[in-house]
Structures are given as C-alpha cells and as structure tokens.
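Shared chain: subunit A. Partners: subunit B in the first complex, subunit C in the second.
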Partner chain A sequence: MTEPSLAVIGAGPAGLAATLAAATRGIRVTLLDSAAEAGGQFYRQPAPGLGARRPQALHHQWRTWERLRDGLRAHVQAGTVRHMTDHHVWFVERRGTDGFAVHALVGPEQEQPAEVRATAVLLATGGYEKVLPFPGWTLPGVVTAGGAQAMLKGGLVLPGRTAVVAGTGPLLLPVATGLAAAGATVAALVESADPKSFARRSRALAGQPGKVAEGARYTGQLLRHRVRTLLHHTVVAAHGAERLEAVTIAALDRDGRVRQDTRRRLVCDTLAVSHGMLPHTDLADALGCRVDGTDVSVDDEQRTDVPGVWAAGETTGIGGSALSLAEGHIAGRSIAARLAGRAPDPGEWAAAARTRDGLRAFFAAVDSVYAPPAHWAEQVTDGTVVCRCEEVSAGAVREAVHELGAGDLRTVKLLTRAGMGWCQGRVCGSGVAGVAGCAETAGRRPFARPVPLGVLARAGETEEQ
Partner chain B sequence: MNPLELVRAEPGPAFTVTLDGREIEALPGQTVAAALWTAGVTSWRTTRGEGRPRGMFCGIGVCFDCLVTVNDRPNQRACLMPLRPGDAIRTQEGTGHDD
Partner chain C sequence: MVGAACALYAARAGLDVIVVDRGPVAGGTTGAGEGNLLVSDKEPGPELELALLSGRLWTELAEEIGDAVEYEHKGGVVVASTSDGLEALETFATGQRAAGVEAVRVDAGRLRELEPHLAPGLAGGVLYPQDAQVMPTLAAAHLLRASGARLFTGAAVTEVLRGADGAVRGVRTGRGEIHAPHVVNAAGTWGGELAALAGVSLPVLPRRGFVLVTEPLPRRVHHKVYAADYVADVASDSAALQTSPVVEGTAAGPVLIGATRERVGFDRSLSLPALRALAKGATRLFPFLERVRAMRTYFGFRPYMPDHLPAIGPDARVPGLFHACGHEGAGIGLSTGTGQLIAQVLTGHAPELGLAPFRPDRFPASASTASTSDSEEAS
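Moving on to the complex of A and B:
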C-alpha cells in the first residue's frame, strides 16, 4: 500500500469529527455511511427534495452541524475526503500487513457489493434503541422514540395525531418536544425514573452546566406545549385491534412494581417508546476488538486493542453527540499522528479530553438515574410476543427456562428461535433476557447486516481476478 | 402546525405511487414509510406466523419490522427505501414469496 489512508465507518458526529481532524492533517479519508446525507441519527437531515428552508427547527446545536457539514464539503471538493453515501458496511476484514478491506452493500436495495481498502479504520457506528416488551407493543402505531424522531427529522412526517412518549432516558425529552412542536398532541410523557434518584445524583448531574441548561430548556418547552410529565410511571399495556388505540399507564411503587390501583387509560394513536440505547458493536466484535459489556473498549487515544482500528462515539458507550464529537476529534488526531509514524502528543487534544472525561462521568450518573421499572418483566403476559421477528411469546421463553431447563440466553434462543430472525436479536435481546431471568450477553454476529449469498461468495475474490 | 410548516418546507412537486393499486401522493425524497404515514397508513405487512399487522417500528433500518413489497421486490425496509414516481407498493403477507 502506497499512501496511508483511513476508512471512517459512520458519518454521525463522531465519524465527521474524526474525518475532519484526520483530513486536515493530511490523511486521505474514505467516509462510508448508510444514509444518503451525512449527519447520522442526531443530525439527520430532511431529504433535499423536501426543500426545508429552516431544518434547524428540528435540531439542537445547529452551528456545530454547520461547521461539520461545511468542513466535510470543503474536504470533498478538495479531494481529500471521499464520502460514500448509501454504503451499508457489513464486514471489516483484516488483510495482514496490507491493512483492511471494508465490505459494504450499496443503495437501499443492499444487493450490490463495494469494497474499500485502508491502512486504518475508525468505527463510528453509533447506537440504536433498546425497547423492552409489554403487552401490545407489536401493534402498528407503537414506534421507538428515536424512530418517531428519525421519521420527523428525515421525512417531515408524524406517526399520528395524539402521542404518548414513554419509557426512560434523556431521549424522551427531545422526542416529546419535537413531536409537539411539529403539531402532534402529546398526551403525556411517561418516565419510569424515580425523582428521588435524581436528587441522589444531583451533584454529578449538576457538574455539567450545559446539560442543566438543556434540561431546563426542555422543561420550558414541555410546559409551553402543555405536555404532562409523569415521573415514576410506566406503560403497562398498549391496546387496539389492528392498530394502537390507547395505552394503560400506572404509577410505580418504591420497589419499582406497578401500583394496580393507579392504572388508567390514555387514548392515543401513537406510542413512542424507548428504554435507553445500545451501541452497534458488530464490526468491532468481528474484527476481534475487545467489547466490555455492551461497549467497544478503547484507550485514551480511542484505539481498540486491534492495531489499526480506532472507535469513537456511541459504539464505545452511550453518551450523546457532544461526547461523540470529542471522541471523534481525539481519534482523528491520534490516527493522523500514528499513520505519519509518530506518537501523538495528548496535549494537543487536552480540551477535548477534558470534555470527554466530564461527559463520561455525567452519563454514568445519567445511567444510574434513568432505569426501566425494576420488575418490568412481571408485566409481560405469557401471550406477549417478545421476539418480534420470529413471533416468540413470553410464555415460550418461560417454558424454555422452567420446563426445558435453559439457563442462558443462547439456550433460550436455540429452544425458541427468539433472536434468530431478521434483526438478529438486536431488538429483543434485552427483553428476552429479562423475561427469561438470564444475564444479558452481547449478541455476537459475524456480519453487521444481512448479506446476499452471492455477495458473500464473491467477497475476497477480487485479488485473484 | 405540521412538520412541513415547522421547517418552512417548499417541497418539489408531489408525485403518484400506488399502494395495493390505490393511488397515493408522495413528496420527493420521502421514504415508503413516510409517504404511507402521510396517507394515514400505519400497517403494511402481516407476519408469517400469526398474520398480525406490522408497520414502522425503529425507523432506522435495524428492526426489519417495516418490510414491504416494492415493485415486486419483497422484504424492502420501508423506513430506508426512497420512493420514485410510479412505484408500486404492495402490502406484504408473510415472507412476501409465493410459498
């Protein structure tokens, strides 16, 4: 290989920050991303054909986005960055001393293969939402909170007229205010976190004044849109025949159990639900990178334990866009130095490192505050489908544990097919583990997305031909 | 207020696609899922086991719940697939294949 080069996988905040930091320092970068436009989930843009003249109405930190967007544009025009849109990366292959081959599928059909060679790889694959099961959660009209937001930001559409936003986590706030600003009636924001645990972690949370201001701004917007916020409450069930018509909500007791006497029904045609986020770690795992729990493990320079592979953003642990930017920036600088054959000086990125440390501490506190109800699995009736793809019921999972002796998630899967469908257990993993009472283990998938057999058969043949 | 007003959108001219033969309008750049939501449709698949209705869930291509048949190709993710004039969307039953 002649000139050192970098492949960045993911054009969200982490991938963009790394791309700009590395390209500015003379590294040739190929940025691969599955979307038609850069931005990732956080800065997801409306399709150009929709002609949005004020897209910032749906966004926060718009000036940061403008800097990233304009920086990318300048590098693409200068030929220092190649931005490959609509590229769905399914595997990163180590090629010995030659570096890496990044394998992708092109376009929304995802049938045509593409391959990119690079001497170093940055994994900035982001995360996706965790949703725990409850009766009725497969009804049309029940969507993930982030999904509702993605459809609003990208397609300028709403799922319905009256929404309940529910679950737990900081994401519920922008989703509720975003839906309300775009014209939906938000009947309630139902958050299972206990206000007492906010008080207990107040010092750690107040250590980030920017985040406190952000929280205050959302509170103001919720008031303005007259959105009722119910803390320490949960959705017990979703109701409807062919689509969502109402939800039952209830307060939680001290132990996190549903207080049956507080059950009540809210009429709605949309339930936007989320119980947190999970990192995409498939590419890292397949490369042999260490994954701690659910997060790709990195050092102070954002290097994984596989030489030539860096990781930044949500894939190294959920922490939002500002943390992703800091990590991406550090990764880009580290990569630029290492590919030039020198050890980087961490003093160059001291400010970014301080931001990173502060935000990691903040999100550790956030994680301990926002939690699903401790006994959520008790509310999952035997008839509730927990694996949406394979239509495996909670009853079948419980039978595998109690009648057939399954003691771990893998055995539950082999006995029930839970997690064997299209999504490969990404959606149901946490839910099945909770219902089974098994420890949640990170899913191991050789490929990051479904690959046509013909593409798989031809991959790696290019050198011989 | 609606989302288009919120961002002061001036979309290109709407075009026609079909859902099970019925004409619906779509805006340039919208995905299958976005156009169906605009048309008030929230379900466009039935599951292969119980025949239950499904539509959009994760919205970012992870969950595969929004599978639909577009121009006779089954199992396309409605949340990712951009529409073109004249596209024929069909409700997908089961695997989407004749089996």
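Moving on to the complex of A and C:
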C-alpha cells in the first residue's frame, strides 16, 4: 500500500466529522454509508423527489449540518474524499500487513459486491432503537419512536392521526413535538422515568446548559400543542383487532411495578414506542475489538484495542449528535497523525475533548434517569410474541429457563430460536433477556448484514478492483 | 451432549446421577454443532460400529422425544462429480454394507429425483437412509430432563477428589464438593484439562469448525448432501476421503452449511477464507444458493484425538475415573452409544461393543504435546 488511506463506515455526525478532520490533514478518505445521502439518522434528509421546502423545520442544529455537508462536498470535488452511498457494509476483514478490506453490498437488491482497501478504519456505525415487548406490541400501528421520526424526516408523512408516544428516554420529546407540529393529535407522552430521579441527578443534568435549554424548548412545545406528559407511567398493553385501536396505560409504584388501580385506556391509531438506544457493534466485534457491555471500548484518541481501527459516535456509547461530532473530530485528527507516522498532540483537540467529557458525564446521568420500569417483564404475558422473526412467545422463553436449564441469552436462543431470524436479535435481544431474567449482552453477529453466498464465495479473493 | 447421554443411560441403569458443567446446558461444542447423526462418512471399524449402535438408540429415543429434539430421519446423499469418483464411492460403500450400513447406489437420473436442485452433470451418488439429524442444544437439554439427573450448571470442576488408595471419590466445584464413587469425564474439547485434574494425560485437542446458516427458505434441500471423491494420489500413503461441506435443509427453514476443519488452537477470530470455502463448496453443489443469503455463522471447537477415535471407558490409571470424550465432529451422533456403553461398564456389565479401541490410556504420555498450530485448509 503506497499512500496511507482511511475507510470511514457511517456518514452520520461522527463519520462526517472524522472524514473532514482527516481529509483536511491530507489523508485519502473513503466514506461508506448505506443511505443515498450523507447525514445518518440524526441529519436524515427528505428524499429529493418530495420537494421539501423547509427540511430544517424538522431539524435543529441546521447550521452544523450545513457546515458538514458543504465540507464534504468540497472534499469530494477536490478528490480528497470518495463518498460511496448505498454501500451496505457486511464485514471488515483484517489483512495483516495489507491493512483492511471493507466488504459491502450495493445495488437495488444489495446483491453486488464492493470492496474498499484501507490502511485504517473508523467505525462510526451509530446506534439503533431498543424496544421492549408488551402484549399487543406487534399490532400494525405500533411503531418505534425513531421510526416515526424517520418517517417525518425522510418521507414527510405522518404515521397516524392520533398518537401516543411511550417508553423512556430523551428521544420521546422530539418525537412527540415533531408529530404534534406535523398535525397529529398526541394523546399522551407516557414516560416511565421517575421525576424523583431527575431531582437526584439534577447537578449532573444541569452541567450541560445547552441540554437544559433544549429540554425547556421541547417542554414549551409540548404545552403549546397541549400534549399531556405522564411521568412514571407505562404502557401495559396495546389493543386492536386488525390494527391498533387503543392502549392501556398505568402509573408505576415506587418499585417500578404497575399500579393496577390506575389502569386506563387511551384511544389512538399510532403508538410510537422506544426504550432507549443500543450501539451497533457487529463490525467491531467481528474485527475482534473489545466490547464493554454494549459499547465498543476506545481510548482517549478513540482507538479500539485492534491496531488500525478507531471508533466514534454512538457505537462507543449512546450520547447524541454533539458527542458524536466531538468524538469523530478527535478520531479524525488522531488518525491523520498516526497515519503520518507521528504521535498526535492531544492539545490540538482540547476543546473537543472537554465537550466529549462533559457530554459523557451528562449521558451517564441521563442513562440512570431514563430506565424502563424495573419489573416491566412481569407485564409480558406468556402468549406475547417476544421474537417476531421466529415467532417465539414469552412462555417458550420462560420454559427454556425454568425447564431446560438455560441461564444465558445464547442458550435461550439455541433452545427457542429467539433471535435467530432476520433481525438477528437486534429487535428482540433486550426483550428476550428481560423475560428470561438473564443479563443483556451484545450479541455476536459476524455478518453485519445478510450476504449472498455467491458474494461470500468470492469475498476478499481478488485484488482491489 | 455426551454428558447428557451418559446421564440418561446411567440413570436408566439405576444410578443416582449428578451433572456438573462450568457453563450452561450445551454451552461448549454441542451448542455450536449441526446435529449430524451420520454413518455415511465412516469407514468400517470401531467408530462405525459405535455409530450404528448410536443410530439404533437415537431411533428408540426419537419415539419418546423426537419432536422435542427436532429428530429428522432424512437420510444422507453423497454425490460424485465424475464416474471415477462414483466408482470410488461405490467401493467405499461396499465396505460399509458389509459392516451393516444401508447404502443405495443412485444414478444421475435418480439423484435428480432425490435432490432436484443439485448442480447438473453429476455422475451419481450413494443414498444412506440411516443418516439423521437432531437439533443438538434441544437434544442435550431434553436428554438431561429425561434423565432426571440433578444439574449443577455454572459450576466449574476445580479438583478431582481422590482417596488414600488413589480412587476417585468425587469432585470439587466452584459450588462445593460433590461426592461420588464414579466420575465420568465428558468435558469434550476440555476433557484433557479435566483428566489432568485427575493426574492423567488425555490428548484431546481443539479443531475449529465454522457453520454457515442461510435465511429461511421453503424446503429445497431434502437430505444431508455432500460431495466426496477419493484422492487417487498414489504418493499418499492413505487414501483420504476428501469431502465438501454438508449442505442440508432444516425443519425451521434455514439451510445449514458445515463445516470447516482447522487446527488453530482456540482461535476465536472469524476466518473469511474458511467461510469462503464453505460458501464455494455449497454453491458448487447447489447453484441456487448463489443468491441465497447467509444470515449468520458460528464456530465451535471439536474435541479431536490423535487417532480420531474417542476415549470411552474406565481409566486403568485412576480407579473410578471414566472417560467419554474426544468424539471430534461426531459427538452428537455418537453420544447415545457412548452413554449406553458407559452405563454398562459403570454398572458392572459387559459393554456391548469392545472398548479396546477406545481405551483412554492408549496414548503415550507425550502425545499430549502434539502440535496445535498446524492448520488445514477448510474442507
């Protein structure tokens, strides 16, 4: 390999920030992303054919996005960055002294292989939504909160007319206000977090004035749209014959159990639900990078423990776009220095490092506040399907634990098939672990995406095209 | 799996059984297996005799718990691409028939009836109706449940307890001591470590294997199908049977493709060349698989012995110690026969197969230092 090069996987805030930081410092960068446009989940763009006049109405931090977008455009025009859209990366291969081969699928059916060689790799693969099961959660009309938001941002369509937004986490606020602003009636925002825990963590939470202002702005919007916010409440069940017609909600007691006397029904045709986010760690895990709990482990320079592999953004721990930008920036500068054969001076990125440290502390506090009810799994009836791909019921999972000796997620999977289907446990992993009463671990998914056997049969065999 | 079968047959022979595992049920190689119950790949000899005994016992068990363990008596088809290859296959099958294996020669036309999606132009093959399949994790869990044995999971054995006379008197685990006059080592790939705790050497080595799993499909592969051709290499001192991956449909829908064989120690990193070899072999046999997606892959470490035969029976060096490990890639299939033989010798009966070829102390003590670093190309 003549000239050092970098492959960045993921064109969200972290991947874009790293791409610009490294390319500005003379590194040849290939940016791969599965979407047609850069931006990731956070800066998701409406499809151009829809002719959106004011997409910024759905986004905040529009100025930051414009800066990233224009920077990328300039580098692509200058030939310093290759931006490969619609590239679905399924595996990153270590090739010894040859560096890395990034294997992707392209084409309308994602059946054609594409391969990119690089001396270094940055994993900026983001995160995905965690949703816990409850009776009725598989009814049409029940969507993830992020899915509802993606529909608004990307397709400019409303998922329904009367919505309930439920679960836990900071994502519920923008989803509720976004739906209301787009014309939906939001019957309630049902958040399981206990207001007392906000008070307990008030110092850490107030340490980020920007975040407090953001929260206040959403609260103002909720009031303006007359959205009822029910704290320390949960959705007990969703009801409907063919599709969602209503939900039952209830207040929680001090131990996080449902208070049966507070159950009531809300009529709605959409339930947007989310219980937080989980990092995408598949590529990192298959590369052999250390994963702590659910997060890819990195050092102060955003390096993983595998030489030549950096990681930034949600994949190293959920923390939102500002944290992703800071981590991406640091990673890009570290990579530029390391690939030039010198140790970087952390003083160069002192401001980004301060932002990163502050936001990590803030989100650690957020994590401790926004938690699903401690005993949520008790609400999951035996007949509730917990793994939708393989149609495995909660009863089958419980039988595997109590009758067949399973004590961990992997054995539950092998005995019940929960997590073996299309989603490979991404959707159901947390739910199955909770119902089984065992620890949630980052699942091993050697292929980040399903790969045609014909592509696999030839992967990595030839020199770069 | 072997431990679960030992527990079942020992309990049915009237013994009080406790099963100890450092992990969960099927946490070792069993959970990473395909569940092959094969006679087709075995040449006449002690392993084939054990496979035939095991097959009969699996058939009996299937009447009790067949559905629960996804037992499928699907049969195996071994195909040959050339007429020379077919003749070699037929010669191999002739030897097997004499040992009691059902093996039906099929011509190219019949082959297409058996497996309509096979690649065109194959010379023919041999059908082995006795080949069958179970889901290994379910099998281990249900055999354990049927045994009624007490189960201690998450309890690693840290010591084999021995009396003043040298005989075993139980084991110490992370969860306390368990006293018993007999200890059966069914620790699979880690059987050598357990033997060492009892002060004896047993050269069990890991041999890594990857399995590919496709997206769920309507049934298009009906048997266990693999290609075999003798290497007619006159320079080779033993004519080794070279096989391609076993391709098979499952009741749940996915096609399983397995497995590679590599001696790379306990290396847990993913090997793209190994997976490439599996995908190549499978798509060569079944061209429609080209566009079918691999959903996932998993790997395990087969327990292999230098002479490719398991260790089954009492250890003459330590009274009360029995071994039932080292079955390489055939442990699921051979587990029932192994469990039956162990139960027979535990209760003082004559085993229905001679145990001499499986004697645990048949290796010189130095054999355990055999190299683990040499690697083989994936089969």
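The definition used in the following text is that the second predicted complex is superposed on the first by the 460 of 465 C-alpha atoms of A that agree within 3 Å, B and C clash if a C-alpha of one lies under 4 Å from a C-alpha of the other, contacts with A are read in each partner's own complex, and residues count from 1 in each chain.
Here is the rule we go by: a contact is a pair of C-beta atoms (placed from the backbone, for glycine too) under 8 Å apart; a residue touches a chain by one contact, two chains touch by 3 or more.
No experiment lies behind these values; they were computed from the predicted model shown.
*Asks:* Look at A:S34 in the shared chain and tell me whether it touches subunit B only, subunit C only, both, or neither; answer first, second, both or neither.
*Replies:* A:S34 contacts subunit B only, not subunit C.
*Asks:* Figure out whether A:E129 sits in contact with subunit B (first) or subunit C (second), or with both, or with neither.
*Replies:* A:E129 sits against subunit B, while subunit C stays out of touch.
*Asks:* Quick one: is A:D255 in contact with subunit B, with subunit C, with both, or with neither? Answer first, second, both or neither.
*Replies:* Touch partners of A:D255: none, neither subunit B nor subunit C.
*Asks:* Going by the touch definition up top, name the partner, subunit B or subunit C, that contacts more of subunit A.
*Replies:* Counting residues of subunit A touched by each partner, the higher count goes to B.
*Asks:* Which partner chains sit in contact with A:E3 here, subunit B, subunit C, both or neither? Use first/second/both/neither.
*Replies:* Neither partner.
*Asks:* For A:G421, is the partner it touches subunit B (first), subunit C (second), both, or none of the two (neither)?
*Replies:* Both partners.
*Asks:* Who does A:A182 touch here: subunit B (first), subunit C (second), both, or neither?
*Replies:* Touch partner of A:A182: subunit B, not subunit C.
*Asks:* Check subunit A for residues that touch subunit B in one structure and subunit C in the other, and list them.
*Replies:* Common to the two interfaces on subunit A: residues 390, 421-422.
*Asks:* Please name which positions on subunit A make contact with subunit B in the complex.
*Replies:* My answer: residues 34, 36, 41, 46-55, 57-58, 108-109, 128-129, 138-144, 146-152, 154-160, 181-183, 242-243, 388-391, 421-423, 426-427.
*Asks:* Which residues of subunit B touch subunit A once you look at their complex with the stated criterion?
*Replies:* The touching residues are 1-12, 27-31, 33-34, 37-38, 42-43, 47-50, 52-65, 67, 73, 76-77, 79-82.
*Asks:* Once bound in the complex, which stretches of subunit C touch subunit A?
*Replies:* Counting only subunit C, the residues touching subunit A are 24-27, 31, 137-138, 141-142, 144-145, 151, 153-154, 212-216, 252, 254, 257, 269-270, 272-273, 275-276, 279-280, 282-283, 289-298.
*Asks:* Across the complex, what residues on subunit A touch subunit C?
*Replies:* Against subunit C, the touching part of subunit A is residues 91, 93, 111, 286, 288, 390, 400, 403-408, 410-411, 414-415, 417, 420-422, 424, 444-447, 450-454, 456-461.
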